[in-house]
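Naming follows writing order (A, B, C and D), and every chain is counted from residue 1.
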Amino acid sequence: MTKTTLAIGQIGAGRIGRLHAEHLQYRVPRADLRVLADVNEEAAQDCAQRLGIPETTDDYKTVLNRDDIEAVVVCSPTSTHAQIITEAAAAGKQIFCEKPIDMRLDRVDNALAAVEEAGVKLQMGFNRRFDANFARARAAVQDGEIGKPHLLHIISRDPAPPPIEYVKVSGGIFMDMTIHDFDMARFLMGCEVEEVYTAAGVMVDPAIGKAGDLDTALITLKFANGAIGMIDNSREAVYGYDQRVEILGGRGAVQTDNNYPNAAVISGADRVSRDLPLNFFLERYADSFVAEMNQFVEAVLDDAPVPVTGVDARAALLMALAARKSYDENRPVRLSEMDGGG
Amino acid sequence: MTKTTLAIGQIGAGRIGRLHAEHLQYRVPRADLRVLADVNEEAAQDCAQRLGIPETTDDYKTVLNRDDIEAVVVCSPTSTHAQIITEAAAAGKQIFCEKPIDMRLDRVDNALAAVEEAGVKLQMGFNRRFDANFARARAAVQDGEIGKPHLLHIISRDPAPPPIEYVKVSGGIFMDMTIHDFDMARFLMGCEVEEVYTAAGVMVDPAIGKAGDLDTALITLKFANGAIGMIDNSREAVYGYDQRVEILGGRGAVQTDNNYPNAAVISGADRVSRDLPLNFFLERYADSFVAEMNQFVEAVLDDAPVPVTGVDARAALLMALAARKSYDENRPVRLSEMDGGG
Amino acid sequence: MTKTTLAIGQIGAGRIGRLHAEHLQYRVPRADLRVLADVNEEAAQDCAQRLGIPETTDDYKTVLNRDDIEAVVVCSPTSTHAQIITEAAAAGKQIFCEKPIDMRLDRVDNALAAVEEAGVKLQMGFNRRFDANFARARAAVQDGEIGKPHLLHIISRDPAPPPIEYVKVSGGIFMDMTIHDFDMARFLMGCEVEEVYTAAGVMVDPAIGKAGDLDTALITLKFANGAIGMIDNSREAVYGYDQRVEILGGRGAVQTDNNYPNAAVISGADRVSRDLPLNFFLERYADSFVAEMNQFVEAVLDDAPVPVTGVDARAALLMALAARKSYDENRPVRLSEMDGGG
Amino acid sequence: MTKTTLAIGQIGAGRIGRLHAEHLQYRVPRADLRVLADVNEEAAQDCAQRLGIPETTDDYKTVLNRDDIEAVVVCSPTSTHAQIITEAAAAGKQIFCEKPIDMRLDRVDNALAAVEEAGVKLQMGFNRRFDANFARARAAVQDGEIGKPHLLHIISRDPAPPPIEYVKVSGGIFMDMTIHDFDMARFLMGCEVEEVYTAAGVMVDPAIGKAGDLDTALITLKFANGAIGMIDNSREAVYGYDQRVEILGGRGAVQTDNNYPNAAVISGADRVSRDLPLNFFLERYADSFVAEMNQFVEAVLDDAPVPVTGVDARAALLMALAARKSYDENRPVRLSEMDGGG
């Protein structure tokens, strides 16, 4: 008999945690969210009360120790992910974890080994794969609609840079921002990246440069199948969140546009215009956050593979590390260099 | 002190009823849906169980008799609307009612008199006013962005005709389908219509003609402020649900496009194409159904005017009656003709 | 043996005349423009010198009397068209004439009788039929791509009203402006119009009303095949020349957009915008003016039917007359009423 | 007194030569094309007869020796450009030359030295600078509309690869195809490129690879002002000629679309589509070929600077040489390496 609902404990009640909790309560029919943990228990209580979540705790271990909890949704700070994944796996919990696992490859590998050993599922929060535009682009490749892919473009620009204090602890633009695009590149092409070359600079805010980071980048990707691609990143597009992809294949091309709050066009005496695109990720990817969580719950209940794995997260991390090295040394860097052998 | 939630009983658990119930439970934070009534109580129970609604009944009077229920959401069959509105008003309930109130003007007037006498609020379900595209077009008029409006176009085409059995009891295309566009015309222009002229025919399906109805129409509208407009209706657009408006004013124009499931464009060897627009009203107006209910609940709790009134519903009804008369007599018909004096 | 060039005399060297002369000299390979006539011979000489036309005259009869001239291009004032057509036909010349033939039906009929009797060709200057957008829309109907047509929209708005002195002698908006749209309606649908209904007003400039004319109109059309359509006219669209059509058929729809000076989109901090559409007819229909003249010359040299006939011009005239009558009497008017029998 | 016309001799009557000759005769009012030279004099005569050019010759030196000829338009094979430029300069002729000057840097430098010494003007045929879309993008940068430019994209894809025999003598994709994009990059940004990195491959046709060439490339550009950019090239886009640019600046972005033969959209039962973009450069850049020649003639007659110089051609050549070296050595290559100094 098919199980109808999945008993879940969520760890983390910050911004993204509140979003996941609301979805688990209201938009994921087969989810049964039973407990919400946060070191700041007041935050957990506020959220739980608003959403009707029965219990809270300030210690995630409480969640892991409950026998009735089958799965955990991890949205605590990045620095805790690897540890919690490892413990959750040991406790036999199915795991959904916000990306990244960690910024250090050895910690990622340890966490993935724990998951492997425990035989539990681990789904990573690369929610953009579930966006309707990118899913359509992926389908155009996968179904052969545009033939064998030759060239990939990913445009990924934030509306404005994060606070400089955040920049300092973010792991850098490649780890913090491009990581999504690295995953998108692998997802869209259905193929591994073997080499990257980074051209980048500080054009938006000198303070970002002083913090040792970059704010503008073009990253060339070489895929295992011979295709090539590029990622365009900027920390600031004054017109809003710019998230587009384009793939040229032997039989055609697919190109996605941004999403807009409305489809109204105003023709005035000096120009024809429309409102700005949806400003940031909570608006732009609203549906994809819901979709990823539904698919996680379905995958666990139906014992199917999760759509985004820990291996995916590891691959994106390698690309982020290589992209920075490429910039530092101004040369193409093979991913194998970053991965022990290199 | 501001009340935080509104105790609601819903009457009707059919297709649109299930939609409203889900929204009241999950998407309208200040709603407290306590009971769901349907003559088919099994339908009510199924829905209640799935959504976690505490109680059901097969008799809507039970809902009206409960002192703890402050508001009712009426989504029972059209033929019952006037009666239920009248009784709900007498019971002092705040009322949200799916359109139309009734197809007969005298019954509408009686229901509105009851609402007036009871001093309760009545919001009608013209959900399209809450659609982001049309709201943006309305704003372009209201804010003076396009100047004084001169010309209005409303394109409103269904993907496919309803079953012929439905057509026979629908009240006809003007009452069933154009009614939304009549309301949209008044909403967008912020002005009453005084005269209509209908050119129409049976082009989609002869069976619709045999049933005494029409399936294709162009309706010219003359507004009290001198502006003119037209509504384009078809029961069948093979490419999907086509819902667009355009307004030309003295300082510019606003034009809305359809909504699409994604923003991907495919360039192939023989054409550049995209997927079809969202197919029908549940998809196209998904957000507007949520928005109208939130606004109803807010209006009641905050004692503010409801955004769509019974008077609005009556005006649209008059237009539907006049549109048919115009077609039957092939002449422009003034709305005043339909309204006692005529 | 196929004749290689056509010996042409042109009558009229005003704005549109200068355009045709330039095309005949530079853009119509098989045209041999030998003489340019204008009552203002200085104007003719200026134009001839600039373009390298060998001869000029101040008397169009000189052109008609020359045996070496095979065809005439008539771009003199409208009031002279019927007379010149009649004389040119009597002289055995092939005729291209700017629209309209005349504003009075009897004069049109006399001119057409003269053409018929002489057995010469008469092509009228409804250049929009040769526009790439409208030709594509026509093809979508003619080739069955969108199935049987049900609904037609023609949007036709000028950027600004003409000088009031011109308005007074223009014959009115329907004769001066809508005449093109009446022709377009018949062209696109491949079918005659049987009845029109006009809703109109003065919204742009009261002076136009004082001159007895209208500046804004919606004209409903009923076609012989049962289809219906509408024409939207305004003397002022502040964003420029607005020329679009849309046809809904049983198997699909075709919709054309305006033409723009460039395809650049600017995304700024407050909106996404593009430059205004091409401002007026000389820009918008630049290519169609060239195309119509090439087709005239080809039709004469190859003895093929001309693509726009005097009968087409007469039909558009009838529609203009009926549209005004419909407005004056606020009722649908059948074209047969205007045409003797009515 | 301003001279009114420029006496021109054209050298070369091949495909592009016939186009220039037609423009000089019909579309460039101040041009006076007196003689057309081609080693294949029959080709010159055919063209001259069709266009009404008074004289032809099979020896370009005849043109250079004529005192009445003030300017030459050089559209002979690439291998002859440097020699003809040198001789024409020595003869004191003003020069318009199709790109490139030569594929070898030393020959280019010799030709430019001759031009410099003679003090004549040399305009190179980078016609795309005169395209309305790219001119608009340039204006958006130059006028500060989008702020300081940060990121540049140039998409430049041919509809199909040239014949393999042509590929073998073309100088390779960077010299033959990308050369236009290298010029466009400098033009749009108003800034020199200092370094390039090429990722490329053979994805379209293995025969191109066998010929030692590439058919697909992504070239990263680093500009002197710190901005970065990329060029996307493919020898085959099955949907037609794909020519777009995009620039992100500190205050906004500009993005151009392709040009289409019409603006009609067809909505059918399975997709919404439009016709393919204009297929190749003669259609896509029809107007820019006319514009560049008018500007050349104006610049000579008015003694103004030409809009595209020999220095521009040299800079694009350096980029092409560096792009290939970068590919061969899989490393970023500074342009200074190619230019003597290393």
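Going forward, a residue touches a chain if its C-beta (ideal position, glycine included) is under 8 Å from a C-beta of that chain, and two chains touch if they have at least 3 such contacts.
Just so it is clear, the model here is predicted, and its values are computed rather than measured.
Q: Looking at the contacts, which chains touch chain A and chain B alike?
A: Common contact partners of chain A and chain B, which must touch each of the two, are C, D.
Q: Across the interfaces B-D and A-D, which one involves more C-beta pairs in contact?
A: Here the pair linked by more C-beta pairs in contact is A-D.
Q: Centre-to-centre on C-alpha atoms, which chain is most distant from chain D?
A: B
Q: Nearest whole angstrom, what separates the Cα centre of chain A from the Cα centre of chain D?
A: Centres of chain A and chain D (C-alpha means) sit 43 Å apart.
Q: Averaging only over C-alpha atoms, locate the centres of chain B and chain D and give their separation in whole Å.
A: 58
Q: Going through chain C residue by residue, note those that touch at least 2 other chains and give them in order.
A: 237-239, 242, 251-253, 267-269, 275
Q: Which residues, counting only chain B, touch chain D once they are in their complex?
A: 237-240, 242, 267-277
Q: Report the residues of chain C in contact with chain B in the complex, numbered from low to high.
A: Touch list, chain C to chain B: 148, 150-151, 153, 157, 197, 199-201, 203-204, 216-218, 220, 222, 226-230, 232, 234, 236-239, 242, 248, 250-253, 330-332.
Q: Please name which positions on chain D make contact with chain C in the complex.
A: Against chain C, chain D makes touches at 26-27, 132-133, 135-137, 140, 145-146, 251-259, 261-269, 275.
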